[in-house]
Amino acid sequence: MSTPAPVLRLDGLGWSVRGVPIVQDVSLDVAEGEFVAFIGPNGAGKTSLFNLVSGIYPATHGTLHLDGADITALPVPARARRGLGRTFQTSSLWPGLTVAEHVRLAAQAAAGPAASYRIWRRAGHYRQQVEQTLERTGLADRADHLAGSLSHGGKRKLELAVLLVGEPRLILLDEPMAGVSAEEVPALVELIRSVHQEQGRTVLMVEHHMDVLLGLADRLAVMHHGTLLALDTPDAVMADATVQGAYLGEAL
Amino acid sequence: MTEPLLQVRELRVVIDGLHILHGVDLDVAATGVTALLGRNGAGKTTTVKAVMGLVPRTGAVTFDGADIAGLPTHLVVRRGIGYAPEDRGIFAGLSVAENLRLAERDGDPAYDLVHELFPELKQRHRQPAGTLSGGQQQMVAIARTLLNGNRLIIADEPTKGLAPKIVTEVADVLARAAETVPVLLVEQNLALVRRVAGHCAVLADGRTAHQGDARALLADEDAARRLLGVGSHRPDTHGGTPR
Amino acid sequence: GTAGTSTGAGSGGGDKSPVKVGLVYSKTGPLAAYGKQYLEGFKAGLAYATKGTGAVDGHPVEVAEQDDAGDPAKAVSAAKDLIGKNYKILAGSTASGVALQVGPIAAQNKVLFISGPAAADKVTGLNKYTFRSGRQSYQDTRAAASFIGDAKGKKVTVLAQDNAFGQANVAAVKDVLGGEGATVDAVLAPPSATDLTPFATQAKDAKPDLLYVAWAGDTASALWTSLNQQDVFSATKVVTGLDVAASYPLFGPAAEKIDFLNHYFGGAAGTEAEKAMTDAVAKAGSKPDLFTPDGFTAAQMVVHALEANQGSDADTDALVKALEGWSFDGVKGKLTVRAEDHALLQPMFQVKLTGSGADAEPTAVRTLPADQVAPPVAKTAG
Amino acid sequence: MTAHLKRWWPLALLLVLFAAPYSALPVPGLLDGPLGSPGSLQLIALCLLYGGLATGYDLLLGRTGLLSFGHALYFATGLYATDLAMLEFGLGFVPAALFGVACTVALALLLGSVSLRVTGIGFSMVTLAFAQAGSILVQRNPGGLTGGEEGRSAPAEHLPDALIGIQNTANLYWIALAYLVVTLAVVHWTVSSPTGRIWAGIRENERRVEVLGLRPYGFKLVAFTVSGALAGAGGVVYLLLTGGATPQAAGSDATLALLVMVVLGGSGTRWGPLLGGVLYTWAAHRLGDLANSDSIAQLPAVLRVPLSQPLFLLGTLFVAVVYLLPGGLAKLPARLRGGRAAKTAVPVTAVPEGAA
Amino acid sequence: MNTVVLLACTGLGLGALYFLVASGLSLIFGLMDVLNFAHGALLSIGAYAAWWAATDGGMGFWLAVPFGTLVGTAASVLLELALIRPLYARPRDQILATVGVGLALPALLMGIWGSDARPFPQPAALAGTVDLLGATVPVNRFVLMAAALVVLVLLRLFLARTRYGLIVRAGVEDRAMVTALGIDVRKAFTLVFAIGGAAASLGGALAGLYFGSVNPSQGTGLLIFAFVVVVMGGMGSVTGAAVASVGVGLVQQFANYYTAAGLGDLSVVVLLAVLLLVKPRGLTGRLA
């Protein structure tokens, strides 16, 4: 793999709570257009690492660079404005807004804060973006439903829609498939694949379902006890006996 | 099938004027695991919530011969039904130990069993449950149903978000628990269903679309595709097609 | 709205067109008790002044009552409503805030306004159309000053709340007694303070010859308890205004140690008008109290103004003219409406309480003649 | 046809309201005296004013999800600053009013930027504390400025002649009506602006807005200031209507009253707060009459005593509304029609696609 | 020196009164998420019931106080059963309902007993003063402090040691889930209201001592400061409320006395603003 300048560089990144390390010394370069999947036992620190990268938790050790600029101290909104978008492991939406309103809100936010401070203007419809995104995520027929009334799978899709309409360059996905019924999985996988391969976005994703990852990921990062245990191509990682023992077990 | 332990007939749920269940029939066998299947939004979660009395419902619900359709939730539970909800229902501000302590109902809570299954929880018993990882929270939720001598356990997608190894372990736990206590299992992971479930019911659009033997259903490609939207030739967890 | 009650006090009421009088006062709210006394007084006064006919020169007097609940905004709305319905005579205002807001409205619309129990000095001389039927703070202050005798070289401390009422009292005492050569200082407590013990000690430490307590509101009881506990009474002479009968028990064990100045209490005056008032009020199942004369006097003034105009209220300026400088026998004795600023000159009382708690009974020690307690002439705005 | 009716009824209502002073229509029960009489106009004007105030307050409560307990402070600032500018600086009414609103905006910016540092109920309490401080300050009569508990009446000589005297009540009424229209316009316009869309996002889930790359703080401050400015302008109108500034306007009860109005009508809806403000004000004035009426005086004590207390009636009424009419009066028609509402719920903020 | 002692003692007395109101408020808010605007009215009910018992009821003071507390507790339970419980699913409406009750109840008291203050009979044993380091301190301030201390200890025991405390803490987070564990959470909530109401009405009965009289708006007047105390202490923390009560009582008393314009109230507000800016979650770090 040729190595252009990394989009995201983690350097000794760590986070501890009252002295207890949750994430320790994670160093990692992610190249433009790369797809890195994170696996690891429950409680390994995958979500915590995503929280560090997106700025929800402040890093207690190490540094974080996006496009060569140090973003370790930036708050959440500033990082988001630099093109960093994420979804949450537990759905985090606006329960009282409809599906279409979600996407519209996200589309407007993507246009930068200045676009949102125009109190004297009428809010734009962002019609094309909204329709396209709903179409892509298969939510078009539920555009007028309140988010609170969607089923679990619907909420996961909406999370993705809100993320995608902002066209972030670096995407963090935290278990996007959890709870999605078997029937819907292929469509979602296809969606993520197109975002990655056709639009060339850089993707970091946590997922427990190996069969999903194997077709998508360029590299597999294995986390264990807050540290990066292994980082390699999927095949190499799957062959690793420690990973087998600690994580996969006799897969179901 | 012998006399079912839990019998649901014509269950209907309306929330905010929205008809969510239009007549669900469901029999939970007195032994083993009964699986409740269906696509996203089919109404599985709503069905178990209705059984628990967590949403307003009409219809008949009989547990062990007694009508429980009108009972408030806490009395349903006291009849011996343990419930692990879909969103886990963890008390984020309480410690792990307090979460478990709340679930104690009878004099002799089975902490041995719980700690044997999830040693993790013993180590973390003073940690606020809200800071547990997703999977650890799921463990707490399951542990709470195992603590008491329940006569039925209802678990709504208990393996969601668990690492593969733990999924296997939970499957073992459920299978073991099912030896003594019948289990109603809502699950998307068909491989797991195949492994543990005997009987199954499939919901579609708020109605019961099928009831019968689980393995037979999963073996029948047409039926599985029609009811669940997946062919049975790929018994894997998910239909992701690696290219 | 108007809860209109025609006071057809006598069957001999006139058959000519009625004259309408609007009362805007506190029927509910924190000052409801004052309002009740005022209304009883007004009814008694109307019957007395019209000799039981309820009519002036054959024009029956119709009284409309409007509740302001102590809120000036409500009072202004009510006043506008009445004025819009062609009422040319308004009376009432239990609270000073109400009087000071309704007064200008009356002037703007050229209707007669006779303020009630509201004690603010500013009501005097407010404008050409505003009169008052009660006493004002300055008269209280003068009455308090009467306790000190010769003021020269004496030290007077005012204990009051740090609000408009308290500040006005301090200014008035400085004006009256300071002018006579006394040194006046003040202990001002925040109006919202609930624990008054420190202020009681402060007042005591000031070692005045006379401590004038100008206090209104819910904390009165706490104040008297504190003053008693800190043993202020043994150190100085304490003077305060005597409020309504219901408040007597609030003085607690201190009741007998205080020198009271008083606007009025039931039985204070011994005049003919008082007797008429007491009888009428008793017939209605009640007792005269602090503000009953204010209503009575207001009714006397209304009737007099109308009588001077043959029962017509058409010309407000004529009504005003009739009242300015008018002297008459009221409940408290001889009353005079001072022409320059419409102050109501009237006697005040020095009172002692005997017994404490529920048994406290007032007795008048001295009647202070009207000119001794007269306020200085205020400049009338317009 | 009915669709047209639905669209145009606000305009029709506005016309009716505009023409009210020319009418001598008696409205027995609702109003004491004919529609165009000064008393009725004054009451309706107050109702409209409070309708506007409640609408402005709902910009915070229903649209941005900020529960402020200190809104009366901004109302009182507009009221007192305008009055004092006339009394103390001798300004004419119009410059004084501008000064009053400017003061309100400045104060809202200042206190808003402090109190928005905390979220949730903490924010509510800080606003309450600030308002309490303001109320105490007014009561305290600093430097003889505010007149303490007596208040200060507006100087007639500084007011235009057309606003003085009972014969000009109609002019005051039109001013109140204009204030209401302006407030409604401002609220509806801002709510459907890009900023309004963010407000809705903040109301529903503030954290999620951050992840989109926007800092909620600034947007909340805008809402706070706009809402404060509207309240300040309301204070100016109130000064005209009541002819003076009194401390009742600054008390915490005044904010609670606004809260009650919004809830009564329906928070977060287009017409609800207006409806609530009008009804509450009307009830507050007319319940007094009911409480004092002869029919109540004749009741036995168990009934008479509570019923003769307007505040008791109001409080009880409020509880009943909260209890029986969740979502307020504005949601009543939908509730009566029952069903379907949830699935087709119209977006609260923006017009649905295609409607424009 | 003696002034400082006097101010400290009276400030502590005031703080104790605040605590009695705020502890229940904090408990109810922290555990049930209900900001109880009717709490001041509960205090007034306790005060009036004790006053009635001590005068018309012919009971002695020592019977009247428990009687007032009992009546207030009953009113509190009634409030919970009739208004709060049916609105469990609508938290904001719960607050609003209490606002309504907070308006209506004092008006009712006013309707029955008039708006004037009624003198509260003081037992001879408590009417006097104690000399402490040269200051003459009213005895009843110490009664208040003692009562507050007892309430504090009892509340802490309740929360930490009893299963009900645990249930209530869990119930706030997810009521439905608590019932899904087989627990009747409603009982626990009623209990919390009863406890909060008991503390407030005890405060009311003792406020009669403190003010020397009772009047309908007394409770509401104390409520705002109780709110301030609750926020400063960290919503829901009883210990925090205790610390904040003492702080507010002392600051108010000293500032009232030593600042020229009697800025006690204002300094409390400033204190609150500053504290929240420095520590947005209040003294104890609980979420505000």
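The chains carry the letters A, B, C, D and E, assigned in the order they are written, with residues numbered from 1 in each.
We adopt the following convention: contacts are C-beta pairs under 8 Å (C-beta built on N, C-alpha and C of every residue); 3 or more make two chains touch, one makes a residue touch a chain.
Which chain is which protein? Per UniProt: A = Amino acid/amide ABC transporter ATP-binding protein 1 (HAAT family); B = Amino acid/amide ABC transporter ATP-binding protein 2 (HAAT family); D = Branched-chain amino acid transport system permease protein; E = Amino acid/amide ABC transporter membrane protein 1 (HAAT family).
Computed from a prediction, not measured in an experiment: that's the story for all the values here.
Student: When you check each chain against chain C and chain D, which touch both of them?
Tutor: Both chain C and chain D are touched by E, going by the contact rule given at the top.
Student: Give the label of the chain whose average Cα location is farthest from that of chain A.
Tutor: If we average the C-alpha coordinates per chain, C ends up farthest from chain A.
Student: Considering only mean CA positions as chain centres, point out the chain farthest from chain D.
Tutor: B
Student: Return the chain pair with more inter-chain C-beta contacts, choosing between A-B and C-E.
Tutor: Between A-B and C-E, the larger count of C-beta pairs in contact belongs to A-B.
Student: Based only on mean CA positions, could you tell me how far chain D sits from chain E in angstrom?
Tutor: Result: the chain centres lie 31 Å from each other.
Student: When the C-alpha atoms of chain B and chain C are each averaged to a single point, how far apart are the two points in Å?
Tutor: Inter-chain centre distance comes to 77 Å.
Student: Express in whole angstrom the distance between the two chain centres, defined as the mean CA positions of chain B and chain D.
Tutor: 51
Student: Hey, what residues on chain A touch two or more of the other chains?
Tutor: 149 - these are the residues of chain A that touch more than one other chain.
Student: Got the chain D residues that touch at least 2 other chains?
Tutor: In chain D, 136, 140, 308-311, 342-343 touch at least two other chains.
Student: For chain B, what residues touch not just one other chain but two or more?
Tutor: 18
Student: Help me check something: in the complex, which residues belonging to chain A touch chain D?
Tutor: 54, 75-81, 85-86, 92-98, 100-101, 104-106, 108-110, 112-113, 115-125, 127, 144-146, 149, 162, 166
Student: Quick one: in the complex, what on chain C touches chain E?
Tutor: Residues 29-33, 162, 188-190, 192-195, 197-199, 201-202, 218-222, 224-226, 229-231, 244, 246-247, 249-250, 252, 357.
Student: Give every residue of chain D touching chain C within the complex, in rising order.
Tutor: Answer in residue numbers: 32-33, 37-40, 42-43, 46, 136, 139-141, 144, 147-151, 153-154, 156, 164-166, 169, 238, 241-244, 246-249, 285-286, 288-289, 291-294, 308-311.
Student: Quick check: in the complex, which residue numbers of chain A touch chain B?
Tutor: Chain A residues touching chain B: 17, 39-47, 89-90, 149-154, 175, 177-186, 189, 208-212, 214-215, 246-252.
Student: Which of the residues in chain E come into contact with chain D in the complex?
Tutor: Listed in rising order, the residues of chain E that touch chain D are 29, 35, 37, 83, 86-87, 90, 93, 96-97, 99-108, 110-112, 224, 227-228, 230-231, 235, 261, 265-266, 268-270, 272-273, 276-277, 280-282, 287-288.
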